[in-house]
Structure formats: structure tokens, C-alpha cells
Amino acid sequence: MQPILELTNISKRFPGVQALQNVRFDVLPGEVHALIGENGAGKSTLIKIISGVYKPDEGTLRLDGQERPPFSNPREAQAAGIATIYQELSLYPELSAAENIFMGHAPRTRFGAVDWGRMRREARELLASLEIHDLDVNRKIGTLSVGNRQRIEIAKALSLNARILVMDEPTAALTEADVEQLFRIVRLLQERGVAIIYISHRLQEIFTLADRVTVLRDGEYVATRRVTETSEPELISMMVGRTVDDLFPKLPAEIGEPLLEVRDLWRRPYTLGVNLTVRAGEIVGLAGLIGSGRSELAQTIFGIMPAQSGQILIEGKPVRIRHPGDAMRLGIAYVPEERGSQGLIRQMTIRQNISLAVLRALTRGPFIDRQGEKSLAERMIDTLNIRAYSTNQIVNKLSGGNQQKVVVGKWLASQPRILIMDEPTRGIDVGAKAEVHRLMSQLAQQGMAILMISSEMPEILGMSDRVVVMREGRVVGEFSREEATQEKVATAMMSVENGASDAAELAVDGVQTGAKGR
Amino acid sequence: MKKLLVSLILLAMLVAPLAAVLPAKAQDDLPTNPLACPWEEEEAAEAEEGEEAEATEEPMEYNGGQPVNPPDLKGKPIRVLDLPKLIGIAYFAATTKGLNEAAEELGNVTIITDAPTEANVDDQITFIENYVTQGIDVIAFASNDPVAISPALRRALQAGVHVIGFDADSEPDAREWFVNQATFNGMAKALIDSMVEEVGEDANVAIVTSSLTAPNQNRWISEMLAYAEKCYPNLNFLETVPSEEDQQLAFQRAQELVNKYGEELDGIFAMSSVAGPGVADALTQMGVCDQTISVGISTPNQMRPFIKNGCAPKVVLWNPIDLGYATTYVIRAVVDGELVPGDTEVEAGRLGTLPVINGSEILLGPPTVFTVDNIDDFDF
Amino acid sequence: MAATSKAYKSQTVESGFSLRSLTHLLGSQEFILLMSILALSLVVYSDNPRFGTERNLLNILSNASYIAVGAIGMSMVIITGNIDVSVGSLIGVLATIAGQLAVHDYPIWMAWTAPILAAMVVEGFIGFLVAYLRIPAIVVTLGMMSILKGGLILATGGAWIYDIPQEFFLAQRQPYGIPMPIYFMVTLVILAALWMHYSPTGRAIYAVGGNAEAARLSGISEKRTLMTVFILHGFMIGVAGLLFATQFTTIQSTVPPGLELMIITAAVVGGVSILGGSGTVIGAMLGAILIRVIQSGMIFLNVSAYWLQAVQGILILLTVLADILRRRRQAASIGK
Amino acid sequence: MSTREAQREPSEWSLTLREFFLGQEGVLVVFLVIAVVVLAFTSQNFLTSKNLLNQARLMTEVGLLALPMTYIIITGGIDLSVGSIFGFSAVMLGWLWQEQGFPLEVAIVASIVIGTLAGLFNALFIVYVRVPPIIMTLATLALYRGLAYGVSQARSARGYPEWFFRFGQEDTFGIPTQIWFFIVASIITWIVLARTPFGRGLYAIGNNVTGARFSGIPVDRYLLVIYTFSGFMAGLAGFLFTSRVSTTRADSGTGMELDVIAAVVLGGTSIMGGRGTIPGTILGLVLIQLLKNGLSLSGVKGDATIVVIGSVLILSILINNFLQRRFAQA
């Protein structure tokens, strides 16, 4: 079969970096072609070339076998039938769902005006084709949940009648259930003959979904394989250029006294009477769907959204935490979910980021001790194996994995006794992931209490001494390492029967509100 | 709790100013000295011959300042800084014209006009400092604030620069002489008399002033109120509203006053050269000139259409060109040593001899009232 | 059975939809503004019935017109996340240009169109600096404000313009008893509102302000959109300048003090988010009218002249707070 | 990115120097040198200590306001009400002393306190009600100016005793007294911004407020402090201004906010937040003042001068953008 899109000898250079060197890539109609590689391997650059954001320095592009000049802007790529769903959702919070779907290609009336009626109708139809019926297309995006926003993103790509759909880590922010739905959609598209370029760090997904997989490393093409003819270890070794033995090397640690206890903690509407204990040397995995209130619980403990009622005990002593400063003084550190917006000040240097949480301790008199700050940063770069040429490098220019290590370094610098890690390995490559896991193990061995929030089941099962499951703001299950299995945890997370009754409750609520409104 | 606090603060903020609802008159606190009423004038004129000394009281001692060791420039060419309140309005364009006219006549005076684009005393101070440093011979100023400008002027005097005021004075000791276009009570009398001639003495009038902080305007208003109280006790002052130096705002204020008082409102005093056309324009465009007219201070060219259409039948002003003209002559006389403290009059070219009043002021003369009969004789 | 339930369902969806659009309308900043204007007018009217005369209301609207027209363009600029503080100076310059052409016996149509073209050129230049050379708009317009203000005096020496031919005074005309500026305001606001709602470029303005990166990826050219916005803004400022210039029998060759703040305030009070991405021109027009109603109402209520500004400041603050609290409450209620 | 870029690590000092010259400060220094040389040739009165000290005296009030404004703009905020607070607290000084009969010393302190409270009022709404700073201060710009008119009934207070003028009109240790205030304030604000956790926190807030919050930086408290500080400095400047011009007027400081912002922005502080320095702001201030003065001394009139200043503002940012794009990548 003829590839619908074929790129050969693609090279792209940025100031100081050779992002891509002689890369080739092709995709057939109705095929899911996965693109993998460590962060910084050049995947993002490649898809930005495909979607017209960047222009390659060299290389040829063939569309349906016809050679053509590379796209010089996203509109050209769109016109050629290429749609892209980016990793970071690119929506307009102040505009309605319908408009978000059709921004840039809204249906027009014959006078050239935007046809709002048709736009809403088509938006509803598109969502219906994704089996989404309960989403009001007039709602502002800013008021929608993350999961729904992602669906709007997909609908947006579909609205372009794309022949080639580029998905850049579509599952990074999704839970297992949402992932299932996404896969259904992808297969549906595949049947319609749409070619899909799929980027993910989750190798499992690739084996479930993809037909072929292409590996990039350090901006260079490594290989293309049929998924039926390859294996996970082979792909990993191709990606990192070495073999990684154990992805989840949880080392045994001595489990001590409870360091953090949470009793009947309330912070409406996300945290509803939570009880939780984390002991010294223990890693507690906090599982749950998106929106189940895990991050919010962490933020309540850390004082970003202070608790309304309930108790937090540190080493058995009740404490009050009203803002992050309080939490930090008590030895709590929080590695947040969103690296870019919450974890880092990306425009600042590695040194400044690492010292940010401990500035007050790093002072000589009223002034920042610059030498101390620098040696701290150097120490962390060493300990965490951060790949950077200087402590003065701007964090934004590091790869995702190294950025995450900087966040971790920042919080390790505060020498916490209780470490909360929210999605510690989301969106980082396999090598860095293993390093983060190894580090967590070591920290636990040193007697730190770790609360790990993760949406990746293998990570939860592999790393946790104990798994706590949350649903709708409440703790709904707790399993020891031995008894935790994928099925048990997943069932607790989704809890089918209960979920159905909840949905019914919601529906009743809706009717009542409607009646009141009338 | 927080919300309660915020709403309390807001409430307090709301109530405080509303509690202070008082009709503003925009006077100042200085003593007033109303002139004789029109019907007293004749008696006064008769009495004038014999009792002049008594009527004008004791001539005041010279109370101006003197430059420290000014260079002797007698008969030599001099450079004069013309520093009006602001540039960009017709009135000060006219004074500048007058200054230059006299300078041409004299031949040995160069006028440099420079001033802020907004009536801002702080900028004026900067200009003074810069020009003193640069080495100017004379500063002729019209101050935006009589007190604020004084320290800078005193420094100029100390640097040996001659300092002469016109139009708007400083503190007396911060300048040598002040060329006074018209006495405040003289202006007040002319304005009130003009208004009464148009609307009668049982009338309701309002005032559109420039800025509430403008010293000349506040002084005029004080004198006007005093004079009206003395001579026309039935003239009812409704209120005074500010219009800044903004034509649009004056226009709007006049509309609001007319709409608010309707036919009760007989006349509006427009107290600045910017407010004048603004108010008259509003009355004209509203078509209410048969009920409400305006009497104001402004220049003839911009008021000509309104004088002719009867919406502003009387405009009171001295001749700003003459003011500038006289200022240049005073400057020359001071530099040449012909006007020294204690003198009682000074020669001013085509204007003849001007008298010295209040110790260190030179009076241009009585204000002119422009009416439909004489308006075409003026072009400035 | 299934069919009936389906029919029932669709029915509820429909009624729910209209209900929602009603609550949407009632909760909008435009509605709050309209209510504030009416409430304030009623308070003033009950104190002094003369406030309600046709003439006074027309005066208020007429005086709000050029502010509202200026605020249309300003809203667009603010929605894209930029700002223009040079508009006051620009309007001063435009009035002078129009007046000079009129007194020097150029045809009247030229005196009317020249300021509009000039404004489009100046704003286009500003747009170029902002969109293509990436200088923050506040820097460009702050600099431009100085340049225009100084340049105006430099060129004219501050002489006033008078003896302008009568037909020049467009804003003084009153077809069917209604002042001309009101026609301009209403027409331009409606056109701009339609354009911003229905034209792809109009929607692109919101896209660029809401998420510039996403707009770029949707194939919307940020640069072109910004250029369009600034040139349109120039057009609106040009019309505002024309209305301003033709209102008065004499034209001051100076910059009207504080005009830029007035126009920005109208837009902001009108609910245009200074953070970009939201707001409507109808809100901006209502904002302009509200400001004038406040100004005028205070005179009718006998508020002391000394306290006028303070009361104005408080009322503006209250309006803005109401907008912010409304947004907060909406977000909270939806979040549940 | 990888080992092939493991080049020699530049020393802290050379890095700072490089940043300085490629940053706005470098552009400003070049502009300043050019301006001084040209102006010194065109007017022999320009480069005299007397003139320069006098200019510094005139610059003080805007300077005092520009320091906190730098902080505020670094955090991505803005304070448009400074001119009004300045006028308001000056008016309160005169009013308390003359109308209310307080001793002048008390009135001075009280006026500065009132300025501080006015700043605090802005801060409370910005921080706790989350009103965007530009909107809040736009409203209080009108409000405080209105209060100045209302409280004083537009009357100016004058006739201060001789000692009062020591602050604004006389010299201390050979230079105008108020310059000492500015020098001390500059040094303190500079060090605080460059060297303390507080200063670092401000940059963090300006670059990413969520990130700052998640790092345990007390964002609310910092913002509260800087807006209040802005009010305090406006109060102080109002007092020095009163002493310099020996009267208080309800309209003093009108439009001053734009002068202040122009100086700060010219000094390289990014209006988007996250970038800027005190030395940059001071350079911006000095450049504007010297241009005003020098051009005036060379016979250029005021209107032409503001045209030049507007052009310099646009041009310098343009050049800086160009340099950043050209060299900062490497």
C-alpha cells in the first residue's frame, strides 16, 4: 500500500541543538503508527514538522506519493488533512465548547458569516459520534473538567475531516477508563481509513493499539518495527541505547512510626472526610480516576487549599496547616502534578529553581548565600544526575525528565520527612522514570514517608507498599502490596455499581435544579 | 468575615462623600474688596478728585524681590523666557504674540516661548531650573501655582536673573514686578455688571470654572460673590462646577446645568478661556439662548460666533496681546534700570503710561467688555 | 415507549436550553450594566425629575458616543491582550487635522475622512510594532502618546482653530431630532458586535486573546489578526476623533486630558477582561454610557463639586467589583 | 542537552556582565553615554555638578515611585494610582496641619501613613478579592484623586515654617536633601530585590504565580507588601514634593503614573513580569531626566523633548528585543 504521508531525510537544527538528523517516517491509511523515544529524542519536533509548525532545514515530504514542499504553517497542514492533538491542551477557556471545536474553520453561511446554529449542531453531532451525549456545547471550556476538555480536543481534530491524525501523548492526563474510550475512538477512526500517528511513553498502549512503531533517539532515526515482531525490552533498549532491567525497583525498607496522619479531613467539594496514614519508610500509592480528588487532597495537606475541618497529625501531634509555608516547616514537600505551571519557574535557572523552596534557610543575614545556593544546585545536579551544562541553565531548555528531576531536587533540598509526589513520572522518558523510581526507593529506605499519586497502574502496583484508592473525594479502598492487583484497584477506582447509582443521583439533581429554575 | 469587612469599607466610602453634599462655590479664603456699585460710581467719580488718596488708601511699599548682582545689560540685547501656564491654548498664544510684538518694536529683545503642554506647576519648575542653568537673562512667567513656583523663582533671582510675572502671580518677593491684566475686583465687577445687564438682578446664575484649584478663578469668584452680595443681593448663585481645562467637559457641564435647572437658570459664568466657548457652544447647540445666556472670560476670535448669535452676548477680557506687549516693555525698563522700586508708573509703548499698584504690580487697565458692537474691532 | 421518552427528552433539552440562555443573559455583565444604568437613572430621576427629560437623556447619550466608539476599538485591542494608552493624544491630533483641512478650504468630505485614514495609519504602525516586532503594546503606545502629544504642539504651536465652515460640524447635526453621534454609536456598535460574533476574523480576536499558542496551531495568524485589530481600532478612533472634532465650533489644538483613561475605563467597566479573551463591544458602550450617567447624575444630585471625582471613582470601583464577583460566582456554581 | 555541549562553565561574574550588556541596561548605558557626550558638546552648562544635582532633585519624586513600581511590574502587576496617592497624601499633609491644627511633624507622619493605607487598600482588594491590579488601581486612580479634591475642598495649604523646607529645597552634606532619601531607598530596594529571598520571590511570582505558590512562597503576603510599599513611597514622595514646592495642591501628581511606568519600562522591566532590575530603572530615570534637561539646555523646546523621549522609549526596547533574539539564544 502507498503511504499517505512519507518523510525522508528530515533534518532540523535549532540554535545550539541538532533536533533532527536524517529522520524518516511514513504512515499508511488506516494504520496506527506509534512514534516513541526518550524526551528530547525529537518526537515533538518531528510532529511539529508534520503539522506545519516548524519547517525542516532539509528533507522531502510526500503526500499520497506526490512530493511537495514542507508545510510552512499549520493551515497548510490542515488543508492537507493533517490534524494534531497536542500534549498540552490548546483550547480557549473563555469560549464555548462548540466554538473551540470549530475555531479557525467554523461553518459559514452563504454571506461568509459564522453559522452559529450549524456550528452547535455539528458540534453536538461530532460529540455524539464519540458517544458523548451529556456535554453542553454552549458551556465555556474554562468550566469543563480536564477529561471533557480532551474530548473537545479530539472532536476538534475530527471536525477537520482529518486523514492523518497526530496524537501527542493523548493518554498522559487520562485515567484507564478514559483511555479505553479513547482507544475505541482510535479504532473507529482507523476503520474509516484515517492514518494515526501516535506518541506515547506507555509501551503497553503501543502494543495494544499500534500496527507499527518507529523509535527515535537523540534526534536520529533508530528503527521501525511491526509491533507483532518486537518486544517491550527491545523497544526500550532501542530508545535508551541500553537495556533497563527493572522498571520499578522498589527496595525493601524498614517501615516505622506514622509520620503523617489525616483524620476526617474536609475541604469541599473535593475532599470529603478523608482518613489516611503514611509511615516512615513507606510508599503509599494513591490511586483514583481523574477528578477523584487525589491532587486536591495533596494540596489540602500541603496548605494550598487549607482544610475546612478535620485533623492533620505529624508524628502524632496535631498541627494546623494554613499555607504551604506551614507545611514546609513541618517537613512536608509536594512535587506537584503540573511540572510546567506548578512545579517550576521555567524562565528561571536551575540554581534558582532548586533553591526556591529553601531560600529562607539559605541566607546569610538577610541575604541569599549565593555560594551556598550554587553548591546546593551542584549537589542536586550530581545526586539526581540532571543533564545540564551549568547551574545557570534556564530550566525551560531542559528536557521533560530533567525538568522533573529539578522539581524533585527542589523539594529534596528542603530535606522533608514527608514527600508527596503527584504523578512523578508523567510525560518523562523510560530512563528518567527508572531513575525517579530508584530515587523514591532510596528515600524510603532512608526513612522518608512518601505519598505517591499516580494514574499509571504499573507504577502504583510496582512502587507502593500500600495502595489507597480514592473516588469522588473519599477514600474507598486500601490494599497492602500483597493483596493489591490491577483488578482490585481498578474496581475500587471505578466501582461500577456505585458509580451507576451516583449517576442516577446526579440525574435526579439535574431535574430538581431544572424544576427550581423554572 | 472578610466580605463583611470589605462591604463595610465600601459603605463608609460611599457615605462619607455623600454626607458632605454642600454646594461648592470655589472661592478662596483671602479677604475680598468689592468695588463700588454702578449707581455709586458717579458719586465716587465726583469725590475722586479731592479724595483720591483716601480712596486708594496708602500706596503700598514695594514688596517685590530683587535679583542678586544681575549683569548690567542696559541697552544690550537680552533673551527672555516666556513661560506661560501651558502652551496650546489661544489665550497664551495671544500673550506670546504681544510679547513678540513689543520685542520687535524694541529690537533688542529675543523672546523664547517654552512651557508644559498641560497646566502643571511641577513641569513649570523644571523649565525654570533648566533655563536658569542654561543662562537666560529674564524670565516672564504666568504661574500655575503662586506658592509652588516661588522657590524656583527665588533661586532664579539669586542667580541674577530678572523675574517678571504676568497673568498669574507668584508670591511677591519671588519676582520683581507683576504685570496685572486687571484687578480681581475689577474683573468681578465687570462680569457681574455684564450679567445683570443681560438677565436682570433677580436672576439665577451658575458658574463653570476651570479647575477647582485654579487660583485666579477662585479669586475672581470670591470677588464676584462679594460684589454681588453688596450690589445685587437678589442675584442667586446656584452652584459652581469645575471643567478643568477641557472644552468637552465645559460643554457637558453647561448642558447638565441647563437640563438640571431648566428655565430657572438665567445665566452661566464661564470662567476661563477654554470654558467660554465650551459653555456657549452648549447653549447654542441646545437652542436655549433665549432663556439662558453665558457671560464669560475668553478671547474674541473664539467667541465671535456666540457673541453674534446672542448666546454669549458679553465677553469680558483684557487684551492678552496688550498684556504680553506691556510685559516686554516692563522687562526692558527693569533691565535698563528705568523701573526701580518706588516708581509709580512705567512707559509702555503704544499703551502709554501704566500705573504701579499694590507695591509691585503694573496695572494694564480696566477689562474690556466685548459685545456685538465692538467685537469686530478685535482680532486675537 | 422509547419513542415517547425520547421526545420528552428532546423537549426538556430545548426548554432547558432557552432557560439557560435566559440565565446566561441575566448573569451577563451587559445586563448588570443596563440595570445599573437604569437604577442609577431612577434614583437621580426620583430626586430630580428633570434628569428624565428627553433633552438630558439625549445629551448624555450624545456625550457618551465618542467615548463608546473609541471603546469599541479599545475593547478589541484589550481582548487580544494588548492595550493602547495613546488614544487620547491621537484623538487630539485627529481633531486638529480635521479642523485644519476644513479651515483651509479642502472639501468637507476630505476633512472628515482624513482623520480616519490618519488614525488607521498610526494604529497600523503601532500594530506593526506590536505584532511583528513584538514590543509590548503598553510600551509602544506610551511612547506614541509622548510623540503625538509633543508633535501636535510642535506642529501647530497650540493655535486654536476657528471660523470653520458650518457644514463641517457633523456631530452637531440632529437628523429627526436625535444628535448625529448617537447614530454613529449605535450603528458602529451593532456592526462591530455582529462582526465580532459572526466573522471568522472576529472570532479569531477572541482566540488570539484567549490562547495565542492554540490560535497559531488552529491556523490563525496572530500577526495578521493583531494588525487587523489595530487597524480597525484605528478606524474607530478615527471616527471618535471626527465626532469629537465636529462637536465644537472651535477646535483646541491640544490633547483632551485623561481621555485615554476614560476610554479604557469604559471598556473595562463594560466587562472586557484586561487579561484578554473575553468581553463584548455592547458592554463597552454601556460602560461609556454608565460613566456619563454617573457624571451627569452627580450634578443633578447636588453632589459637591469637590467630591465629584471621588464618587465617580467609588461607583466605577463598585461596578468592576460586581463584575468580578459575578464571574467568581458563575465559575463556582458551574464548578459544582 | 548532551555532553557535546559540556563547555567551560562561565563564571558568575562574566555571566552577570554579559547579561548586563545584552540586557536593557546595556542599551541604556550606551544611550546614556551618547546623550551625555552630545549634550555636553551642545551646552556647556549641562555637565556641571550644579546642574546635575539640581536635575537629581527634580527627579526624586518620580524616582521614589519608580522603585516600588519596579517591584510591582516584576510581579506582573501595575499600580496606576501612584500619582493620585501622591497628590492625596500631600493634600492630607497640608490639610491636617492647617485645617485640623495638628503639629507639622505629626501631619508629616500621618500623611505618609495615609499614603501607606491607600496602598494597603489597593493591596487588600488585589490580593483577597482578586481584582486585577490594573482595574483596581484604575478605579482608585479616580478615587484617591477625588478624595484629594474633596478633603481639601481644592484649597492649597501653604505658609510652612522654615525648617520644613530643609527636606525639599536645601542641601545636606553638599547635595540636595531629598536625594539622600532616593539614594538610601534605591540601595535598599536594589539589595532587597537582587539578594534576598523576598526579591527572588517577586521574580518567581512574575514568571509563574502558581509555581511560586506551590513552592511555598507566601505570594499573598508579598503582593500585600509591595502594593502597600508603593503607597508608602507615594506618601513619602508627596511629603518631599510639598517641601520642595512649599504648597499642597489637590491636582499635584496628575499623570505622574505614566512617567513612572515609562521610566521603569525603559529600564528593562518587562511589563509581562518576571524580568527587571533596580539599576535598570535608575538608568531609565536618569536617561529621561537628562534628555529633558540636556535638550532644554541645548535650546530644544519642551514639546520636541517629549517627542524625543517617546521615540527613545520605543527604540530602546526595539534594540533590546533585537539583541535578545540575536545573542541570548546562544
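Going in written order, the chains are labelled A, B, C and D, and every chain counts its residues from 1.
As a working rule, a contact is a pair of C-beta atoms (placed from the backbone, for glycine too) under 8 Å apart; a residue touches a chain by one contact, two chains touch by 3 or more.
Computed from a prediction, not measured in an experiment: that's the story for all the values here.
When every chain is reduced to the mean of its CA atoms, the largest separation from subunit C belongs to A. Taking each chain's centre as the average of its CA atoms, subunit B and subunit C sit 37 Å apart. Put simply, the C-alpha centre of subunit A and that of subunit D have 43 angstrom between them. Separation between the centroids of subunit C and subunit D, computed from CA atoms only, is 31 Å. Shown for subunit B are the residues in touch with two or more other chains, namely 13, 17, 20, 24, 26, 87, 117-118, 212. Those residues of subunit D in touch with two or more other chains are numbered 125, 129, 143, 146, 149-150, 153-154, 301-303, 306. Every pair of chains meeting the contact definition is listed here: A-C, A-D, B-C, B-D, C-D.
Residue ranges of subunit D in contact with subunit B, taken from their complex: 43, 45, 48, 50-51, 54-55, 58, 121, 124-125, 128-129, 143, 146, 149-150, 153-156, 158, 165, 169, 241, 244-247, 249-252, 254-255, 292-293, 296-297, 299, 301-303, 306. Listed in rising order, the residues of subunit D touching subunit C in the complex are 125, 129-132, 134-136, 138-147, 149-150, 152-154, 258, 261-262, 265, 270-272, 301-307, 309-314, 317-318, 321.
For subunit C in complex with subunit D, the residues that touch the partner chain are 85, 129, 133-136, 138-140, 142-147, 149-154, 261, 264-265, 268, 274-275, 304, 306-314, 316-317, 320-321, 324-325, 328. Here subunit B touches subunit C in the complex through residues 10, 13-14, 17-18, 20-24, 26, 87-90, 92-93, 117-118, 212, 239-242, 244-248, 251-253, 255-257, 259-262, 274, 277-278, 281, 284-286, 301-302, 304-306, going by the rule given at the top.
Of all residues in subunit C, only 48, 50-51, 53, 55-56, 59, 63, 149-150, 152-153, 156-160, 162-163, 172, 244, 247-250, 252-257, 292, 295-296, 299-308, 310-311, 314, 317-318, 321 touch subunit B in the complex they form.
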